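Both of the next two complexes hold chain A, though its partner changes from chain B to chain C.
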Partner chain A sequence: MKPGIKGIAVNTFRESARNKMFYLLVFFGILFALSSKLVSFLTLGDAMKVLKDTGLAAINFFCVLIAVFTGINLVYKEIERKTVFNILSKPVSRDEFIVGKFLGLALTMLTALGAMAVIFFAFVALNGGGFDLGILLYFFMLYLELLVIVAVSLLFSSFTTPILAFIFTVSLYLIGHVMWTYNEFKNYLAIPLWRIFTQALYYLLPNLAKFNIKNEVVLGTALDPWSILFSVLYALAYVLALLALTVLIFRRREFQ
Partner chain B sequence: MKALEIKGLKKSFRSNFLIKKFHILKGIDLEVEKGEIYGFLGPNGAGKTTTIKCIMGLLSPDAGEVLIDGEPAATVKARQRIGFLPENPYFYDYLTAREFLLFSASLFNIPEKEARDKVAALIHRVGLSGHEDLKLRKFSKGMIQRLGLAQALVNDPDLLILDEPFSGLDPVGRKDLRTLILSLREQGKTVFFSSHILQDMELMVDRVGIILDGAIRRQGRLSEMIAHSTQYHEVVCDRISEKALARIQANFALRDGQFILTLASDADVNLVVESIIHNSGRILAVHPVKMTLEDIFFSEMTGGSYGVPTSRSNGTGEPRRPATGGKP
Partner chain C sequence: MTRRRWLAVAALSGLLLAAGMQQRFDSTVDYFGERSAFVSLPSGKTLRVLSFGYRNLAADLLFIWSIQFYSAYNIRNRFDFIERVYDTITDITPEYKEPYIIGSLIMAHEANDLPMALRLLEKGSRLNPDEWIFDHDAGFYCYKYLKDYAKAEEYYNRAAAKPGAPVFIKRMKAHLVYLRDDPEMATRMWLDILHHAEDTLTRDSAFNHLYQIKAEADLPLLQQKIAEYRRQYRRPPAVLADLARAGLLREIPRDFAGDEYIYDGASGTVTAQRIFRWQKR
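Now for the complex of A and B:
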């Protein structure tokens, strides 16, 4: 790896790791995941299923929150505070800067998710559940989704303010989770041009629902390995495309 | 080959609505020789920082070129040999001084162990010993400025580009910085820096470039600029006759009961001294006054040629023509 990329990635990770907000969100993620125990008392049905269902949902929610918040701030803050001058005046290209930032964020998310996952596994075991390979797979898929979210927020962060970047990223996240409904109503669209337009959007926007395999994991239904493999490739391609776009924007940027 | 060469550099900014264009740099031409200290001088808003950002590739010029050692400046390769201190630097406040310098070293691909030794030496060199493990959010402005200098030196650069390195430093800090810059020249390095503090510049630069309103007005050896500038004499006495005053071409001022005569021609000196003595006056001082960088600077700014100033600045360094403004 280029030394610049590594240095920037490590420093980005260090920035998150020294941020109180980061620990607070990880802490709340764990707290809410553990409180699934309470929910399982209060609801009827298979207690273990409820515990996994709500626990994973809590972890998912807080990880997405961390991804969005760290992602939208990072590049913006470097430009706003002019710390970027120091990096770009060294033998580091702008491309390397963006890639380094992304890798640092990826490492941050790995740590956050990793901490929550380890505690959740221990928690499930304490409650009499065995090791569930499905849950590990769930976390893996969640991590892919987080990488896409981080890349999206990085893209917006490279040219807008954190508030706009937040709105854009969250919108894209929400859209990304209702995409599947599109295929069900597209046949009702009367005007062909509109249909082509929405079809194009369908392929362009991230289909994040693909990465959510919670129902399958909790209910124990079979997962299609091909569809998993496809999701992995989809995430990689999507992240690479987003990074390429970010780099193109960032290369043209001026620092005033 | 020049250490730094700027040819016809132009830069404009657009206003928010993309309607109006502000031409900030109107064709900068300057050359910095290898191994010299070059002072980049100009009033607030003249375009110093904009020029420096173009050198570093943080801004892309509309026209013109910037060459370092004859190669285009805005490349990764060129930056390998440059040290840069931005104006009013800000560094990651969650890092300590040592961590920050190690991070800077890592961007140059300096091996970890070598970097550690280097960083320790640099911390000492810029006078931050004892603060290496303090978080930067607890640093004072002057300490940040020193740290900024250390990070600019971390790759042992051939060319240093410093944007207002003296700002935020106390007198001791300024002296330290002067000594440091002079020692860099001794090591054969080239230093290009902008500053408002004329005294600091005058004490060490080899050449200056004066930028005004986005263009270089004057460039040259400081020694030549000062030698070619008009000299005049100042005679201080306690009494002089009206008659003698009328005979000579002199401006005079009365301060604390002393006459201060400013003589454009040195031939007048003898005349004046004679007539003072003749009137049983007492000569308090006679001194030839050379143009200072400040005089050159102000005469450029007011667009005038240099003449005998009507009243001398009183040594406190305050500008004679306050209307033109300039950071103290």
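Now for the complex of A and C:
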């Protein structure tokens, strides 16, 4: 790894780790995951299923919040504080700056998710659930989803304000989880041009439902290994494309 | 009293008053008086979209709410939309077993609507073709409450054909064949269970059933022959062997354990040595 990228990545990680918001969200993620025990008391039948559902949903939700809140400020803050001039005046290219920022945030997400995952595994084991390899796979898939979200927020952060970047990223996150409805939606489109347009959107927008295997791991239903492999490749390709686009935009930006 | 204390007292009083009002409201409210409020529960498909990847959680929360709601006995018309509620939950996560099982239990026991319970269980079976529990439960409701043994047997047949179906389903099937008055078929099925039994419970259950089926066939026959003997000789036989000696029977049947039936020569009645466990209704 180039020293420039490494330096920016390490600094981004340190900066995120110093952020009080980061700790607050991790804390609430863990708190809500543990409070799944209370929810499981209220059900009949398989309480462990409810415990896992609620816990995984809490971890998922708070990790997405961390990814969005940290990602949207990444580039904007550097520009706003004019620290970007300092960094770019050193032997660091704009491409390295973006890649470094992404890697730093990816490391931050890995730390947050890792902490929540370890606590959740211990919590499930304490409640008699044992070690579930499926949940480990779920966390891996969630991490891939978070990488895509980080890349999306980084893209928006490179050319717009944090508020707009937040709105765009959250919108894409929500759309990304209902992409499966497209096949039904297209039946309502009578004009062929609209069909082509929506078809193009379908392939352009991130299909985050690919990474959502909560239902399968909790209910213990079969997972298709090919589908997992394709999801991994999809995440890598999508992140690569978004980073390239971010670099393109960032290269053209003029700082005043 | 300082202003601060006044404010604290006011806040506390306000909260207590609000809780009292809420309690009063809950005890008198007709939840479905405003039916539109409940009909507006979105469909399972819509909730699946609106849950944005958290459909398990959405189904869990709706299911937990349903348990609390249908346990509130003060709400008189709480079952008005029960089918809609459980259809919605099972549309969100069709693989979630508990809503089918608990939902059908509430429908059958609390709402007294067995056809509705069977519809929910059939949906579960249709959407989870490898799961035996739904057919088993449907079979049990038909057997226990509808007394429709043929239908119950049909459900048990479906359940038994599914992977991982426990051995007791085979026993239930044989029992239902017995209940719908097909002793020959029931005997064949119970013999098969007895010969392949791997545990004491299965062996004992098969043995007891076979004992009862055989005794239920033998005792009326013996009683009939005793009556014929009484008509011919104007007295009951002294021992059962007299029936064979009189040419009324080629040989005296024995119970499934190989023992003789108990014969009371004074009254001319014959009984089995063991107590019958099952009753046909």
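Throughout what follows, the second predicted complex is superposed on the first by the 255 of 256 C-alpha atoms of A that agree within 3 Å, B and C clash if a C-alpha of one lies under 4 Å from a C-alpha of the other, contacts with A are read in each partner's own complex, and residues count from 1 in each chain.
Throughout what follows, a residue touches a chain if its C-beta (ideal position, glycine included) is under 8 Å from a C-beta of that chain, and two chains touch if they have at least 3 such contacts.
If you're wondering where the values come from, they're calculated on a predicted model, not measured in any experiment.
Novice: Once the two structures are overlaid on chain A, check if chain B and chain C clash or fit side by side.
Specialist: fit
Novice: Considering only touches as defined above, state whether A:D224 meets chain B (first), chain C (second), both or neither.
Specialist: neither
Novice: Using only C-alpha centres after the superposition, what angle do chain B and chain C make about chain A, to the nearest 10 degrees?
Specialist: The C-alpha centres give an angle of about 160 degrees at chain A.
Novice: Quick check on the superposed pair: does A:R14 touch chain B, chain C, both, or neither? Answer first, second, both or neither.
Specialist: It touches chain B, and chain C stays clear.
Novice: Per the contact definition in the header, classify A:S89: touching chain B only (first), chain C only (second), both, or neither.
Specialist: A:S89 sits against chain B, while chain C stays out of touch.
Novice: Quick check for you: in the superposed arrangement, does A:V50 touch first (chain B), second (chain C), both or neither?
Specialist: Touch partner of A:V50: chain C, not chain B.
Novice: In the overlay, answer first, second, both or neither for which of chain B and chain C A:L174 touches.
Specialist: second
Novice: What is the minimum C-alpha distance, in Å, between chain B and chain C after the two complexes are superposed on chain A?
Specialist: 36
Novice: Based on the A-chain superposition described above, do chain B and chain C contact any of the same residues on chain A, and if so which?
Specialist: In chain A, nothing is touched by chain B and also by chain C.
Novice: Under the definition above, what is the set of chain C residues touching chain A in their complex?
Specialist: The touching residues are 49, 52-57, 60, 63-64, 67-68, 93, 95-98, 101-102.
Novice: Applying the document's contact rule, which stretches of chain A touch chain C when the two form their complex?
Specialist: Residues 39, 42-46, 49-50, 53-54, 56-57, 60-61, 173-174, 177-178, 181, 208-209, 212, 214-215, 218-219, 221.
Novice: In their complex, what parts of chain A are in touch with chain B?
Specialist: Result: residues 3-4, 6-8, 10-11, 14-15, 18-19, 81-83, 85-93, 254-256 of chain A touch chain B.
Novice: Quick check: in the complex, which residue numbers of chain B touch chain A?
Specialist: Going by the criterion above, the answer is residues 13, 53, 56-60, 76-77, 79-80, 82, 84, 86, 88-92, 94-95, 99, 103-104, 106-109, 151, 155.
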